[in-house]
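Each of the next two complexes has chain A plus one other chain: chain B in the first, chain C in the second.
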Partner chain A sequence: MSSKPGRVNPTVKAAIHQLVIIIFVVIWLIPIYAMVINGLKSNVAVYTTPVLIPPSSPTIEPFQAVWSSLSRPLLNSLILVLPVAFIATFLGSMAAYFFYMLSNSFSRVSSFVSNFLFSLISLATFIPYQATLIPLTKLIADMGLLNTYWGLAFAFFIFYMPTGALLMSIFITAIPPRIIEAARLDRGSDWRIFYKLVFPLSLPGFISTLIFNIIETWNNFFIPLMLTTTPNMRLIPVTVQSFTGGYATLYNETFAAAFIASMVPLGIFIFLGRYFIRGLIALGTGGKGV
Partner chain B sequence: MRIQGLLMAIPTIFFSFLLLYLVIWNLYFSFTNWSLLNPHPSFVGFQTYASLLYMEYFSISLSHSILLSVGTVVFGNLLGLLFASLLYFLGNEKMRSIYLSLLIYPLSISMAANSLIWLWLFNIHIGINWLLRLLHLPVPLWLSSPSTEFPSLMVVVIWAYAGLSLIFYLAAFMGVDKSLIEAARIDRANPLRILFRVLLPNSMNGFIVSSALLFLFSFRIFSPPYLLSGGPTNIFLQTSVVYMYYLFTTEYFAQASAVATIITAIATAVVIPYALYGIKRWMKHE
Partner chain C sequence: MVNVMAKGITKIYKSRRKEVVALDNVNIDIHSGESFGILGPSGAGKTTFMRIIAGLDIPTQGELYFNDELVATSNKLVVPPEDRNIGMVFQTWALYPNMTAYDNIAFPLRSLRMSKDEERKRINEVSEILGIAHVLNHYPRELSGGQQQRVALARALVKNPSILLLDEPFSNLDARIRDSARALVRRIQNELKITTITVSHDPADIFSIAERAGVIVHGKLVQVDKPSAIYSSPVTVEVARLIGDLVELNGRVEESNNKIYAVVDDFTFPINKVAANNVRLGIRLEDLKISDEVSLGDEWVFVGRARVKVSSYSSGLFRVTVVPPSNDNTEIVVMVDRPFDVGREVNLFVKSGKVLVFP
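So, the complex of A and B:
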């Protein structure tokens, strides 16, 4: 069976298609591959062998070397990030429900209020948060919350609760307004409608928003840098940064440190990635519906 | 009933207004002369802003920030679109989700960790150049030459954020009515034709979300320019955010506030139209 001239055999086409994707995937994986293999190299091997060549005699020495300085920051991040992200996302979802009701009522005042609040939560989500560095540090210091979990949590809420509200506002639009209208006509209170109807219906969106917030909070470098000074209160990304000071002071431990700092968000991504992606795809279809 | 709804939104509204307070605080102190030398600030009008114009670092860092963001929007969108198209036309759904994860994982790693790894990869002797040399490809000097330093930073940022664009395009493509695609297939349209005639015209949301987020995420990026440069004063890699941090650490508080205000103003100019004419309007179509 010969194919017509000018037409590529479908099998060949599919193979080329796969090949192109695989080339990009391999390029994209280079940094994580380098992180894993170099974390297992001895100090000498890191300096003398190419970064892309695996170690001839793998060792976990670098991990042992960094563990003592990273275990406490890792614990701090775990204690702080998960509850903060959950509370921020949940309270943000409640606000998203309110914004949804507001933008579906057609009075001029509520439309102005809703536009204003929507702009504000968007700004809080996307502002270069470093720009608030001086007043934020001062605010937390005035509250006497420097070097405390509470101070960090408070600062994270300023940015990640609006983020939760914004993302959930988008996810909630996937719920047809008639369903909520019907529940309101049934004299359901707002809290009940939210808790029994809106929240369960937008659960994939909630999980997606939660994961987004966990990862963003976990990886946030600047806020803990400003608000913590004692070694005991350090969070993980700040500690990782201390493993470098430019070219001269790069050690093989940087790979092990980077690996330890990345394993929690990466693990979440690997195990809940399907939810994450499903949630994000709902973002596209939720917004379309024209 | 209304009151209860409002009460539910109170925590978010409280923290959002707190942010507004921080922004206004910056704006206020940007009109003073507060610094290490002037611990009791007095009001000086636009003098602090005027003094910034004489600082070489100010305009250079701002142009770096804008160049980085625009570059990320352009290349991030192109790559995101390419990846999304490649994945969309894969027949196998399982394979698609695996490839998708492998292309977007950089989003989950801290930029500080990313930068450390890239510092090694950019090593001109044992980094990726080792591989490029084996393949007889040109070997750039990456961070070791002023002319390639900034492009190296762009490589890291685009590697990290192209996945963002991929997600939103793929989501938009997935949202396109399947019957339109089927109709085009029956007409024997090839994938490229389907892409340009059916998928893209129906993916405006993907484009808006992807562009806005790429701009904003790269505009506020801190660890890569800070770490790849080896310090906040590297003239080739300094961005506005790094410059502001530098002013803060050297206790030029009023000037740091002024730069912070300018950064906020630029971000706001993108955020608000995006929020009101992008997200919000498209939400209302429901």
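So, the complex of A and C:
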């Protein structure tokens, strides 16, 4: 085979691809690696060995030390984040479908309302949520929901349901519109079209959005910081933060705490990651991947 | 039993810079229980017309009536698609990809809340007729194009629609299945008297299932008539071409012995009086004949001597291309029942009164 000028040998091309991927993976893995090995260092070793060098005699003491103060926040976060992210994403998908139907309804008023509300929602998701925290805290306080799961759930809903709607509306437009039209001619009710067709056909997108929402909610620091004061109601990011700063920061314990805190999002990503990718692929192929 | 009436329907798609007139003042009255065909070149507006009837799109102007009830008017949907009781086979089939063929066909029935037994009975019946009974538990992606098309047809038929819209419903079927599918649609349409509108590129579909047909060209409904009438007296060359094979020639109008002829090189075709010096002629393949005889009776008129240029064969007939001796580029295709050797001269005849003349 004669290789034409200007064309890279396929082997070389594949090798370059692999190399680029490896570089990205390494960059991504360094922090995780650092968390693990430094969490396994003793109080002395963490100061005397460089960050990226593993300890000569690993110990699980730092993990044991932080576990007692992390277990309750971990439980709080789990109780709160998983259902809230799920419900926010599900309601977000329904909202996305609602907007989809509204903007396809031929009524000028409906399309206008749809576009207006939708722009509002998009705008809301682009505003840094920290900016709205003071009025939000006041609202939650007025409702008497400070230091409760409900207060936290409510606040998370306000921020992550619009995100769900926004992301899901992108996935829903990737469904071939003729399918939804056929279902309308077949007299499917809005609800039946949603749960028989739209939801299953955008499932990869739903899972991507769900993962995104779980990770965002899990890592959210300011909302629980403002809305909770009692130690019993603390969520994981706030607790992890409490290990840093001050005069006597124990870096090994900070690393151990950070690692424990990131296990849940990491685990979810590893288990559901292929759906995440599939969701993105579905977008690229205009929904033909189903 | 629904009568569909379009009054001045115009559809304009506006995109950022240009406007596309997909339908231009379409007026048609499709009778209740009628099987109507729509013929037209690609991009003519056929699908757009179907979508407006289904309520999936709205006219920019004009009104649409079902049984004298207004269902759509300028930029406004009066009756939504789900209340129109329409069975539609989309050009792209639009099967539900996440459901088996059975569930696809059952989807419209579940909306009707019928018993599971009744549902099963109806689905088995229709899939038996369409020859898809053995693939009912397959997903659309596991079906061939023809099978998907038949599942789409079953889904449209199973709910006993009042209007059946078929957008190129047979395009993916092989010849044998196509014939039986046409017969099936015709039979169901006849028995149930469903108003049926079939869009097709293929004149054979129109002849086999349409009682009346309309031709759409560039968004305009240019002719509405029985398919045979459109075939024998098309209003333009384009229509003539759409509904059947045609030999097209440019002729010069001449008069001799009180008779009018169109002269094409060495050939003279008898035509009726026209007010032009040059005309475009169209002749159906079956209206031309070549022979060694000097006369074929009163029905056939001698046109001139011709030379055989190409001789080929297709489905029981020989397809012979002849040219006038003086011009090798004026090709005329003739179907004959025996082969003719290339290079020899023959007599060319045309059936009297069958030369179509277009300005």
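Simple rule for what comes next: the second predicted complex is superposed on the first by the 253 of 290 C-alpha atoms of A that agree within 3 Å, B and C clash if a C-alpha of one lies under 4 Å from a C-alpha of the other, contacts with A are read in each partner's own complex, and residues count from 1 in each chain.
By definition in this document, a residue touches a chain if its C-beta (ideal position, glycine included) is under 8 Å from a C-beta of that chain, and two chains touch if they have at least 3 such contacts.
Because the structure is a prediction, the values reported are computed rather than measured.
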Open item on the list: If we overlay the two complexes on their shared chain A, which of chain B and chain C does A:73 touch? Say first, second, both or neither.
Closed with: neither
Open item on the list: After the superposition on A, what does A:49 contact: first (chain B), second (chain C), both or neither?
Closed with: first
TODO: Based on the superposed arrangement, let me know which partner A:197 touches: chain B (first), chain C (second), both, or neither?
DONE: second
TODO: Could you look at A:134 and tell me whether it touches chain B, chain C, both or neither (first, second, both, neither)?
DONE: first
- [ ] Figure out whether A:34 sits in contact with chain B (first) or chain C (second), or with both, or with neither.
- [x] first
Open item on the list: In the overlaid three-chain picture, which partner chain does A:181 touch, first (chain B) or second (chain C), both, or neither?
Closed with: second
- [ ] Pick one for A:151: touches chain B only (first), chain C only (second), both, or neither.
- [x] neither
Open item on the list: Going by the contact rule set out at the top, does A:205 touch chain B (first), chain C (second), both, or neither?
Closed with: neither
Open item on the list: A:269 in the overlay: touching chain B, chain C, both, or neither? Say first, second, both or neither.
Closed with: first
TODO: Using the touch criterion from the header, give the chain among chain B and chain C with more contacted residues in chain A.
DONE: B
Task: Doubly contacted residues of chain A, that is, touched by chain B and again by chain C - done: 176, 184, 189, 290
Open item on the list: Taking the touch rule as given, give the residues of chain A at its contact with chain B in the complex, in rising order.
Closed with: 14, 17, 20-21, 24-25, 28-32, 34-35, 38, 47-52, 91-92, 94-95, 97-99, 101, 103, 115, 117-136, 138-139, 157-159, 161-162, 164-166, 169-170, 173-174, 176-177, 184, 189-191, 194, 215, 218-219, 221-222, 236-238, 240-241, 243-247, 250, 254-255, 257-259, 261-262, 265-266, 268-270, 273-274, 277, 280-285, 287-290
Open item on the list: Could you list, by residue number, the parts of chain B that touch chain A in their complex?
Closed with: 1-2, 4-6, 8-9, 11-13, 15-23, 25-26, 29, 83, 86-87, 89-91, 97, 99-103, 105-114, 116-121, 123, 126-128, 130-131, 159, 167-168, 170-176, 202, 205-206, 209, 212-213, 216, 219-220, 222-223, 227, 229-231, 241, 244-245, 248, 253, 256-257, 260-261, 263-264, 267-268, 270-272, 274-276, 279-280, 282-286
- [ ] Could you please specify the touching residues of chain A with respect to chain C in the complex?
- [x] 105-108, 176, 178-179, 181-189, 192, 196-197, 200-201, 290
Open item on the list: Quick check: in the complex, which residue numbers of chain C touch chain A?
Closed with: 54, 56, 58, 75-77, 80-82, 84, 86-88, 90, 92, 94-99, 107-108, 110-112, 155, 159
